[in-house]
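Pasting the structures here.
In the two assemblies presented below, subunit A is common to both, partnered first by subunit B and then by subunit C.
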Partner chain A sequence: MVELPVLVIGGGPAGMEAARGIADIGYRCVLVEKRMVLGGTPELANYAALTPDFRDAGEAMAEMAKAVQDDEQVDVRIGTTVRDVSGAAGGFEVSLKSGTGNETVKAGAVVIATGFQHFDPGRETQQYGYYEYDDVLTLVDLEKMLREKKVVRPSNGEPPKRMCFIQCVGSRDRQIGNEYCSKVCCGVAAKESIEVRQLLPDCKVFIFYIDMRMYGYWENEIYWPSQEKYKVNYIKGIATDIRKKGDKLIVRGEDTTMGRPMEVPMDLVVLSVGMEASSGTKEMAEIFGVELNKYKFIETTGGALNTVATSVEGVFACGAATGPADIEDSISSASAAAMKAVSIVRKKALAG
Partner chain B sequence: MASKQNVEPERIHEKEHVIQEGMDISGHWNRMFEQRVIWDYTPELIEKVTDVAGGESFGACYQCAQCVPVCPVNIVGDYSPRRIYRRVQTGGDLFESPDLWQCTTCMNCLRVCPKEVDMMQIMPAVREQAVLNGYVPDELQEVFRNTADYGNPMGESPKKRHAWTKKAAADVPLMKDKKKADYLWFVECYPSYHPRGIEASVALAHVFDLLKVDYAILGPEEKCSCDSQRLAGEVGLFEECAEHNLKVFKRYKVRKVLVTDPHALNAFRKEYPALGGKFETIHYTTFLADRMDELGMTKELGLKVTFHDPCYLGRHNGEYDAPRKMLQSIPGVELVEMGRCRENSYCCGGGGGGMWLDGFMSDHVTMRLSERRVIEAVETGSDVLAVCCPYEVSRFEDAVKSTGNEGKLVVKDIIELVVEALG
Partner chain C sequence: MTLDLSGKQYAGVDYDEKERLFEEVKKDFRFEQYLYGCYECGICVAACPSARFYDFSPRKIAQSVAREDVDLFYVFLNDSVWDCSQCFSCDVCPRKNSPGGLITLMREVAVNNGLASAQEALEGYGRVVYKIMATGTQVAPDMLQANAFPDWGPHVKDIAENLEAWRRALPPETMHTTEASWQVDEKTITELYLIWHMTGVMDMIKEVDEGLFMILQDVMEEKLEDAGYDVSFD
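Up next is the complex of A and B:
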């Protein structure tokens, strides 16, 4: 029997890596991306450099995109969405919609790599003044400025002399509903703090945190250099009150190490927003009938030993579709999903 | 009316009316349980420290607080490297702060520090600048002056540096007369001049004589090794004394140096080589530990003894076993350890200039470090607190008196116990 292709949904880092992996081991793949470009959130949100290795994000995503586009085993469908599915593991029939019309493709297995979206800091509460004050940004906003090599206060176009990051915005919060740690924001804030200090050596940079979660090599690759080489100041205690005074922002909180309230003026405040399930993830879960966890990420069902299986046989998930993940995690789980998807296709073909 | 007079409205007004960078950020007085504090962070004061050669590692502190419980000054005061960093980060200028003079450079913080924040480099580097700027406690200034003028911190006559040898039973040869010897015994200041130091020197001379050690001392040609003055910020003075001593060592082609003082050991091993010193340095306990059976000690002392590890012998130079080996070889000595011993030994308070800062320190600690240590020694039920650093006999004897433990505990150099056991 002819081996069916694997359908990979999502053209971000995880989807592109899964597609490349499937092709590399000699199987066919259909890669579906609803936007008109590959590159996922790093491309959409104008990431400047990847964490933790500071590699140019645009260049890295372009390289990944080229790898799948140049591989004839990968059928890349941009501007395409998944509408419906029938069949089962080894023989799914998936209907796709694109600008040129509807089409049904056969697939032996499915990999969902629909990623995440950034937490909207104004959605639940106004405590950080994101929508009130021009000079309150998110990590994502700053990332775009870093990509343009121009970090300024939106209110007046001047480079900031003092700025701070506020960690855990939208993460680790029962009231907001995101009880999980978003994993990447500590590293991204430290990375951005280094980039700011490189661009603006006279700007004092502070990071207000609950605890810095710099697991593994991120500790010595970004956290320590940011403090030791780039003189970024880490202050334990989250500020939750930002007010405008004159042309400055007054950040109020408690310096927990000193056990005293603190109140400091800042030119720029950057909210270290976390990760939430993307709308694409929720839509695909509904179409394929895979279970979501309470945070609306795709629930993986294989425990610690299988990080890509879902509640539906033959449908796998990888990257930030399954929960907060950095690029390294996403690439690893994408390879795992590729291997498991191919094994379904192969077994089905062998069984005839 | 009386209570009203205690209130100074202008002051309250002033404290709460805060204009920062041209911006009024005033608030209500006493609106929290604690008076509201408005401050600014001062990363520039951290950089002021890290910009000094030797101060670089200060900026690496990430406030894990592992140094706090092991800091000997923290146990009797409000102090630790973590706190110093925080105070500097929140407006305190270390170059003008009393925090600058409380560190004894005991190295217990560096032992546990995951970021290798090195107070042994930071303190002398910042103190050097403070000394140049004239911010130095008077009592320390006097010690610097004495060392410069007389070659010893007490201001004793340099000519009488070997006067103690008259008390020794055996002949203590001078290098000047002997010209050549296998070992130079670098006696150092306290063992030359302090009455209790002299007693230990006399005992050590006796043991060297019994073992037929081919040695000589420098007498008036010797100057303070100056390590503690260096750590207290007088780097220039240290170099001056070191150059003098090295010149003398060279004249007598010295290859091996025996020292009584762990601070001299530290200077000779770690600082003198950079100035051209090429010789081996051995602490007297290391030298004697394997030769104790040659002495024929016969008298049973019947003593319970606890031992205080000198910071500069133990943590700084890795010798923990030799003094213990000596004590255990003495007949009738039962060695008991204090809770804080070996790598985690408590500091007597004398290092890094602390020897000369008791007056200054009394404003910052609830008791002297030496007093805290004596209490720990008494708790073991020991008859003797044995030491092998010349700073300690005087410090601990004072502390035995001031803590009311006279009659319970005596302080002795290990070498004094050895001589007692000779019968």
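Up next is the complex of A and C:
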């Protein structure tokens, strides 16, 4: 059997890294992205700086996109979606749809890198009034403001004097149905809090949390600087609700650290929304028949020793398609998926 | 007694005044070695003897300052820092904070600014402070009086009544004293008085206990004059 290219689905950090990896070791790859640009959620949601290294997100994504666009081994298809699949490992036939029509491509293996979407804080409960109050934002909204270097209250255009982050919105919540930790929001909130304090030194910044999950060096790189250098106030206790009083938002909750109820006025509230499987991830799972886990991300079946295998031979998943992941995780799992995809393409061709 | 952290009891105190005291603590040169950040791990409270007996938490004090919560800081400055025994068991902190050291700074600010709470907390120590500062020794034999130490038993009365005889029974001649623990050299006393004058201890006493200050002033100025120093404590 001839060695067929690997089909990589999703042009975000994980998909671009998988494609680059496949090409780097001398194999061909078709990279499919439904939007008209590469860069994935960091590009779509206007990320300002990457966590934890504060690297300019736009620049980093452009660099990754250029690497695959400039590589002859990578056939980049933007504005293209996957419609259907037949065949098996070593010889999949995948039908693609784009503005120019339908086409079937042959692929020896598939890497699903369709990522996540941000939790919609207005979807399940309205307790934080995301759609009700102008000055209630999400991490994503703030990221956009940080990119423009202009953090203001949408209600009046003034810079906030007091603002807070509320952690675990849409994560670790049995009421909502997302019982998992989204892993990155603690780090992202800490990173954004530093950026806000750099932009607005007179603005008091609070972070209300259940526990800060800043594993590894993130603790040293972002958590401690935010607390010790930038004097961000970490308060253990999740806000119960937000109410409007005059032109302020009143955040109510328990300050468990001090053992007292609290009711504090804020100019701006940022909801640290978590991750959910993207609609693309769910669609690809359906098309390729790969199992989802109970959190509705793609189930990886190899346990601790293989983080990219799925329930279908020859179909791999990486990045946030398999669960909440930061960029570091996504890049690492993308490389693993690239290697395993190439490996199966070779094995099937040799056996064939 | 339960510590009221609501701050309502000090709602009448100007925020600017609270902030001024807070800034005074922060600008102390020791501050940055005493407080970094806080894990909220509670190891300081676990190690703290006072926390077993009082509604006292070195963690909360450190956190109120780390958070720059000026209102809460003011509550602790008045109602909590005097519950600390300054044993520094809290120095076990994994973040290398010293809540005890921070409390030292807060106490100094409370005293230097003559806070009523500091005056009240130190009221009972006037006699001890007088002894140390006037004689150079802390616990003098003549402080041993039956009515002051009823729990020490009936023999205290006998010792107190015959104090001079008991003291003369001690072999070292320098301990044949009743007003001081031992006889302190004149030169040492002079140096102590000068140190207390020059380092601002007398100013601190003046803020917290005017009566005690005046008594000490009489004693010290006279002795320093005899020793050839022209010093005024005013």
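One rule holds in what follows: the second predicted complex is superposed on the first by the 350 of 352 C-alpha atoms of A that agree within 3 Å, B and C clash if a C-alpha of one lies under 4 Å from a C-alpha of the other, contacts with A are read in each partner's own complex, and residues count from 1 in each chain.
Following the convention adopted for this analysis, a contact is a pair of C-beta atoms (placed from the backbone, for glycine too) under 8 Å apart; a residue touches a chain by one contact, two chains touch by 3 or more.
Not measured: the values here are computed from a predicted model.
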Superposition on subunit A - do subunit B and subunit C clash or fit: clash
Touch count on subunit A, higher of subunit B and subunit C: B
Contacts of A:Gln227 with subunit B and subunit C, given as first, second, both or neither: both
First, second, both or neither for A:Arg260, with subunit B first and subunit C second: both
Touching partner for A:Lys236 - first (subunit B), second (subunit C), both, neither: both
Partner chain in contact with A:Ile78 - subunit B first, subunit C second, else both or neither: neither
Which of subunit B and subunit C A:Ile250 touches, first, second, both or neither: first
Clash with subunit C, by subunit B stretch, listed 9-17, 27-35, 153-161 or 405-413: 153-161
Set of subunit A residues, in rising order, touched by both subunit B and subunit C: 204, 224, 227-228, 231, 233, 235-236, 257-258, 260
Contacting residues of subunit B [partner subunit A, same complex]: 20-25, 32, 34, 36-41, 43, 46-47, 50, 59-60, 62-63, 86, 89-90, 115
Complex interface listing, subunit A residues touching subunit C: 204, 224, 227-228, 231, 233, 235-236, 257-260
Subunit C - residues contacting subunit A, complex: 5-6, 36-38, 40, 60, 63-64, 66-69, 72
Subunit B-facing residues of subunit A, complex: 204, 206, 212, 224, 227-228, 231, 233-236, 245-246, 248, 250, 255, 257-258, 260-265
